[in-house]
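What follows is a set of notes on a single structure, which appears directly below.
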Amino acid sequence: MKVIIDLCVVPIGVGTSVSSYIAACQRVLEDAGLSHQMHAYGTNVEGEWDEVMAAVKRCHEVVHELGAPRITTTIKLGTRIDRDQAMADKITSVQEKLG
Amino acid sequence: MKVIIDLCVVPIGVGTSVSSYIAACQRVLEDAGLSHQMHAYGTNVEGEWDEVMAAVKRCHEVVHELGAPRITTTIKLGTRIDRDQAMADKITSVQEKLG
Amino acid sequence: MKVIIDLCVVPIGVGTSVSSYIAACQRVLEDAGLSHQMHAYGTNVEGEWDEVMAAVKRCHEVVHELGAPRITTTIKLGTRIDRDQAMADKITSVQEKLG
Amino acid sequence: MKVIIDLCVVPIGVGTSVSSYIAACQRVLEDAGLSHQMHAYGTNVEGEWDEVMAAVKRCHEVVHELGAPRITTTIKLGTRIDRDQAMADKITSVQEKLG
């Protein structure tokens, strides 16, 4: 089962600057070989469900290892069985409607 | 690693009445033996990461099997390594502050 | 336009214990006279769109006033024009399907 | 109060193809003169709280007017009072850590 997710990991108890933790998560996604795209409030990731979810778990482990005592993460997660759809297709569909 | 999540599964392409799909997800959580509590906009679930996430995946599989061609799910997901905290503890902490 | 939301306010930069900030948000909802119900990972609120959203803004203001330099909030937000539906109705609909 | 949000509007009861509704929301943001950036699972928007939230409400109104009987939206919403931060700054901060 393919999945497209939007992942936003928020370390708590490490002050207001969280970019080094987010950078560590980017490396996790990179190491996992998953297609991903960071935006200003999260990162889109696509792939097989188990691989994507293993990377999400690894992000939590790595952020805790870096010293964050607490993490709250928000994930949006889409699956569909009617047809294949990649991240880029979703954007293209909207842009075509915008003409 | 223990996790507390808030799970909101939204089947798309099956009309406006989605309660039978949500009921199916409640049965998945029940069958998994996971502690869970439904509210008006999702369900809180707690347990070991892998067990909770396996149940989330099973929810997607079941909702697709019931006929939903597309699903978008929102998950909030909390872990902490500083101390144990159950779902009930989170509510109690706030209620104590409210006096 | 009526709305049902699920509100989860996360103060950042104030350590790992956030319950006093959440308690302050509960008081905001109480003072606004809005129907609301806290759960382990957020609070359901229902009412007229403008009143609910004014309360969400007030939560951010109050949490900043209490000393939080940064806040990240997750909101799920539902509207429907086909029929009236209160928070309790959503839970009842699922419970009926569960028999 | 400045805010950066991530907005994901999901029309329910209109079938599986939702891109025309998302395109309508893009036009709302455009018409509001708000800085915004679409990604594969939502749109980042930044601006003054009241202007951004008025646009979110307008998106719901427009999507209902286009025929969607029900909408569920997920919003992530960030404010900070310690310093100014635009959407681009958040990405730059992470990229600097990635070297």
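Read from first to last, the chains carry the letters A, B, C and D; within each, the first residue is number 1.
Keep this in mind: a residue touches a chain if its C-beta (ideal position, glycine included) is under 8 Å from a C-beta of that chain, and two chains touch if they have at least 3 such contacts.
Note that this is a predicted model, so its numbers are computed, not measured.
S.K.: Looking at A-D and A-B, which one has the bigger number of contacting C-beta pairs?
M.R.: The comparison resolves to A-D.
S.K.: From subunit C, which chain is the farthest off, judged by mean CA positions?
M.R.: The chain farthest from subunit C, judged by C-alpha centres, is A.
S.K.: Centre to centre, by mean C-alpha position, how many angstrom separate subunit A and subunit D?
M.R.: It comes to 18 Å between the two C-alpha centres.
S.K.: Rounded to the nearest whole Å, what is the centre-to-centre distance of subunit A and subunit B, using the mean of the C-alpha atoms as each centre?
M.R.: 19
S.K.: Counting only residues that touch at least two other chains, what does the list for subunit D look like?
M.R.: 13, 16, 69-70, 72, 74, 76, 78, 80, 82
S.K.: Considering the complex alone, what residue numbers of subunit B touch subunit D?
M.R.: The touching residues are 10, 12-13, 15-16, 18, 69-70, 72, 74.
S.K.: Quick one: in the complex, what on subunit D touches subunit C?
M.R.: Per the touch definition, subunit D meets subunit C at residues 1, 13, 49-50, 53, 57, 60-61, 64, 69-82.
S.K.: So in the complex, which bits of subunit A are touching subunit D?
M.R.: 4-6, 8, 16-17, 19-20, 22-23, 26-27, 37-42, 44, 46, 74, 76, 78, 80, 82, 87-88, 90-91, 93-98
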